[in-house]
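One chain, chain A, appears in both complexes that follow, with chain B as partner in the first and chain C in the second.
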Partner chain A sequence: MAKVKTALGASLFLLVYLVLIPWLFRDQPYRLGVLTTASVLSLISAGVWLMFYIGRINMGQGGFALVGGYAAAILVSKLGLSFWVALIGAGFITVVISILVGLPLLRLKGVYFSMITLSLTETARLAAQSLSSLTNGTKGILNLPLPGAVEIAGFTLIPDFASVDKHFAFYFLGAFLTILGFAALYRVVNSRLGWLFRSLQQNEDLASSFGVDVPRLRVIALAICALFAGIGGAFFVTMQQSVYPATFTFQDSTYFLLYCFLGGLGSVWGAFVGTFVLFLSFEMLQGLNQYQPLIYSLIMIGMMLWLPNGLLSIKPPFFGPGEPKKEEARP
Partner chain B sequence: MTPMPMTSMPLMEVKNLTKRFGGLAAVNDVTFAVAEGEILSVIGPNGAGKSTLFKLASSFLAATSGKVFFKGEDITSQSPHIAARKGIVRTFQETTIFRNMTALDNVVVAHHLRSRASLPGFFFGTKTAREDEGRFRESASEILDYLGLGDVKDMVASTLPHGHLRALGIAIGMAAEPQLLLLDEPFAGMNSEETAQAIRMVRGIRDRGVTIILVEHDMSAVMNISDRIVVLNFGKKIAEGTPAEIQNDEVVIEAYLGREDESEDRTCTLKP
Partner chain C sequence: MGQVLFNGMYTGVQYSLIALGLTLIFSLMNVLNFAHGQLYVLGGFVTYYVYGGMKLPFFAALLASALTLAAVGCLFQIFFFRPVMRRSVREESSMLLSAGTAMMVESLVLIFFGEKHRGVPAVVNGVYELGGVFVPKGRLLVMGLSFLCMVAFILFMRYTKPGRALRAMAQDSETACLMGVNTARYAILGWALAAMLAGIAGAILVPISGVNSGLGNWISIKTFIMVMIGGAGVISGAIAGGLVLGIIESLGYHFFPGGETYLIIFVGLIVFLAVRPNGLMGKAV
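And then the complex of A and B:
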């Protein structure tokens, strides 16, 4: 029964996400672009969510996203690689960097880890500014080409983005990556890996007492987190067709945290729901832009006071077959 | 099952082990050995260094000097998960469990070392991974039944009473199938009836082939359960012997009586 419900919910969601939304916004490229951005931001937030899941607050996700963005831009513009290779390359490079950074940093616990990740975004920005032979410094890398076609044995798998409506193309690519990312996250959380991650969150010493290689698992979690950031960053930069040191800032890093908080840390879909709700509400209230940091801070405080488990912890009386509640029963 | 026969080579050997915290030698030049199938107790007044000794033996702390051998192999100051892999598992003095998981899930997770699937195997839910999961659930149920927790399997751990939590801590330790189980004050906070039951369980675990070292303040329990006793005071080993020998040891009596003014009756009575 639960399985049927989950399947129904998933199909309904996919129908809305992949058919209804693009159809509704078919003549509004700007809005479609905003929705695409929401997708990719939710993918990047999902990495932060996973770090919460092992009990770490990652305040440096913007830095990893920036690494992914620059990696893709450099692979495409300097090495002339295709976007698709660069996308995978960017994910790979971000993961390698996260492992190198994570090995020493993940030994720090609690607030110490957060404090040090706080500086990661800034470090990435400074690196982007100063390694100008690679990154063009503050000028950034401009005029990135659109993704080309993918053909296998003469059969066009993905068309050249320049030859179709690129807003639709980016929307579907963003949605595809996001679905893939959240499906992977769902698997992680609902497999034995999820049990191990939850055991780290609750007591690392107890986990290591029965043989869990805690340092290794922490690095694996951070690598997955960074993979999401790297892929998301590479996609975002390609969509913007440019990357600057300020493409992902420290502020973005804190917004990713807030998206997770808002959606809820207890459910896999927390990062998705949180990002869409908050990012889209803001887009609708354009006039409030200058107050964004203030409003976000107030939301953060309000959340901690009144809704510590996020939006997904609210159970309205008539709740459809939508959100699978499985992992909420065992937080 | 019958008790494992004693063999000539000790299962664990601790040689001149020392741990300093700044100027304080919490464990000071301690040497002893435990034979396979034994129940060895480590006793001593509060702050004597018993828990520190356990942390050194299970690689939760790095030793300042000295060595720990397990089955003849030097395992001093490795990582805790390596010690667990070799077969050394400790429980914690403060009740330590996964509070937000059910009792059953606590023990299922603790089967980690017995899983045959790799991390990608878990992710993709391979047949091996799924089979393991089933086996772990069965085995965890069995362990919980054995420790008298069968009725509270599905309760979230944080809602269990203290006595059950101590037992759950031991269940987690058993799940890893250790060869050497280090129990830090397993009977703390139990009444005499619960203690008597817990003593039977610990004996039973030994009879399943697990060697046990335990730290305990309940002297009647210690005298009842131990094959041998090691006594620590201010980080140093001051005596070692059978319960009868320890009860009549002048130095030990001195060490305990010397603290009578602290009015901690549990550290003052040596006789059961």
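And then the complex of A and C:
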């Protein structure tokens, strides 16, 4: 019964996400662009969610996204690779960097880990500014080309983005990556790996005494988290067709946390729901852009005071009722 | 070289003062105050208005900054941190709350004070020269005041009754409570003191380097670096971390006039933490 319900919910969601929304906004490229941005931000936030899942607060997601964005931009503009190769390359580079950085830093716990990851965001920004032979410094890399066509044996799998309505093309690509990302996340959480991750969240020392290879698992979680950031960053940069050191900042890193928390840490879909609710409701309040940080911060404080378990805790989660319920972890 | 070291000491002493406040809250409540840099900026703006705008004497402005920030600290604890800490068992909640307060203070400062860089006239003019090292009197005043505040703070923590109570809380809050320490009230005092230290640091700095609303995050990040170098939750660690960062920063700006200094510091920090995760003097995590 639960399976049928899950399948029904999932297909309804896909129908709305892939058919209804593009159809509704077919004449409004701006709105479509906003939705695409929300998709990709939710993908990046999903990485932060996974780090929450093993009990770490990652405040460096903006840094990883920036690395992914720059990697893609450099691969495309300096090496002349196609976007599709660069997308995979960006993911790969971000993962490698996250593993190199993560091996020493994941030994730090709690507040210490947050402090150092926060510094990572700044490190990425400074690196983008000072390694100017590679990144053009503060000027950034501009005029990135649109993704080209993908053909296999004469059959066009994906058309050239320049030849079709690019807003639609980006929307579908973003939606596809997001669905893929969240499906992967769902799979990870509901596997043996997911149980191991939960054991880390509860108590690392205890997990370790049961023979769980804690350092390896932590690095795996960070690598997945960075992969999401790298792919998301690369996509975002290609959509904007430019990248600057300020494309992802300290503030973005904090927003990703807020998205996860608003949606709720108890459900895989928390990052998705949080991002869409917050990002879209904000777009509707036109003219308040000036006060965005203030309103976000008030929402954040209000959440902590009155709704510590997120939006999905209000009613039974609509999507994926088969998820394990997460207990409040003792520190 | 002497000049570089003097500049490093000068920066380091202020940094230590900022790091002290962060360390105090961290050791008392295990809360990382992301808003520390923003409180520093707020302190700077209060001084800017009282000393630069209303033309009152500098020490009145210093006092005004200290009192305003102490009040803000109390409000933070009473309205935000106490309710959240009381109910939540997760570390994430207090950390996100503090990230939220940081964003709130920053945007409020931006809305009320604008984004211009503000400076005020120097408090004292003139320069001493000691063996080829130029020592502006203004900077000497800053160093003296910072040093004075630190000594006062350490003496307060060491020899007074509230200081003893705060130290007991930092060691073990529950036991302190059992020994008759009113922990709820002392937590408010701790916040007030910590915010006050940030405010004083901001106030002292305005006559020299000015203040603008965007500084906060950067100051917070620097404070985190100091705390990570020195070791979190230890007063000596905060002071050592501040001095070390000040001197490294000054050396870095001397040898790498471009923007690479902090990049090198961050990379160095990552290597350092791989070797000593608890910093120079920190307790084991």
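Here is the rule we go by: the second predicted complex is superposed on the first by the 315 of 331 C-alpha atoms of A that agree within 3 Å, B and C clash if a C-alpha of one lies under 4 Å from a C-alpha of the other, contacts with A are read in each partner's own complex, and residues count from 1 in each chain.
Methods note: contacts are C-beta pairs under 8 Å (C-beta built on N, C-alpha and C of every residue); 3 or more make two chains touch, one makes a residue touch a chain.
Please read these numbers as outputs of a predicted model, since none were measured by experiment.
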Combined model on chain A where chain B meets chain C, clash or fit: fit
First (chain B), second (chain C), both or neither touched by A:Gly110: second
Contacts of A:Leu294 with chain B and chain C, given as first, second, both or neither: second
Broader residue contact with chain A after superposition on the shared chain, chain B or chain C: C
Touched partner set for A:Arg187, first chain B, second chain C, both or neither: first
Partner chain(s) touched by A:Ile220 [first = chain B, second = chain C, both, neither]: first
Chain B and chain C, minimum CA distance [Å, superposed model]: 11
Footprint overlap on chain A, comparing chain B with chain C: 330-331
Parts of chain C lying in touch with chain A, wherever the complex brings them together: 26, 30, 32, 80, 83-84, 87-93, 95-97, 99-104, 106-108, 110-111, 217, 221, 224-225, 227-228, 232, 258-260, 262-263, 266-267, 269-271, 273-274, 277, 285
Chain A-touching residues of chain B, taken from the complex the two chains share: 58, 60, 79-81, 84-85, 89-92, 96-102, 105, 108-113, 115, 117, 119, 122-125, 129, 132-133, 172-173, 175-176
In the complex with chain C, residue positions of chain A that touch it: 52, 57, 59, 101, 103-105, 107-112, 114-116, 118-120, 122-123, 126-127, 129-130, 250-251, 254, 257-258, 261, 265, 291, 293-294, 296-298, 300-301, 303-305, 308, 328-331
Chain A to chain B touching residues, read off their complex: 184, 187-188, 191-193, 195-196, 198-199, 202-203, 205-215, 220, 330-331
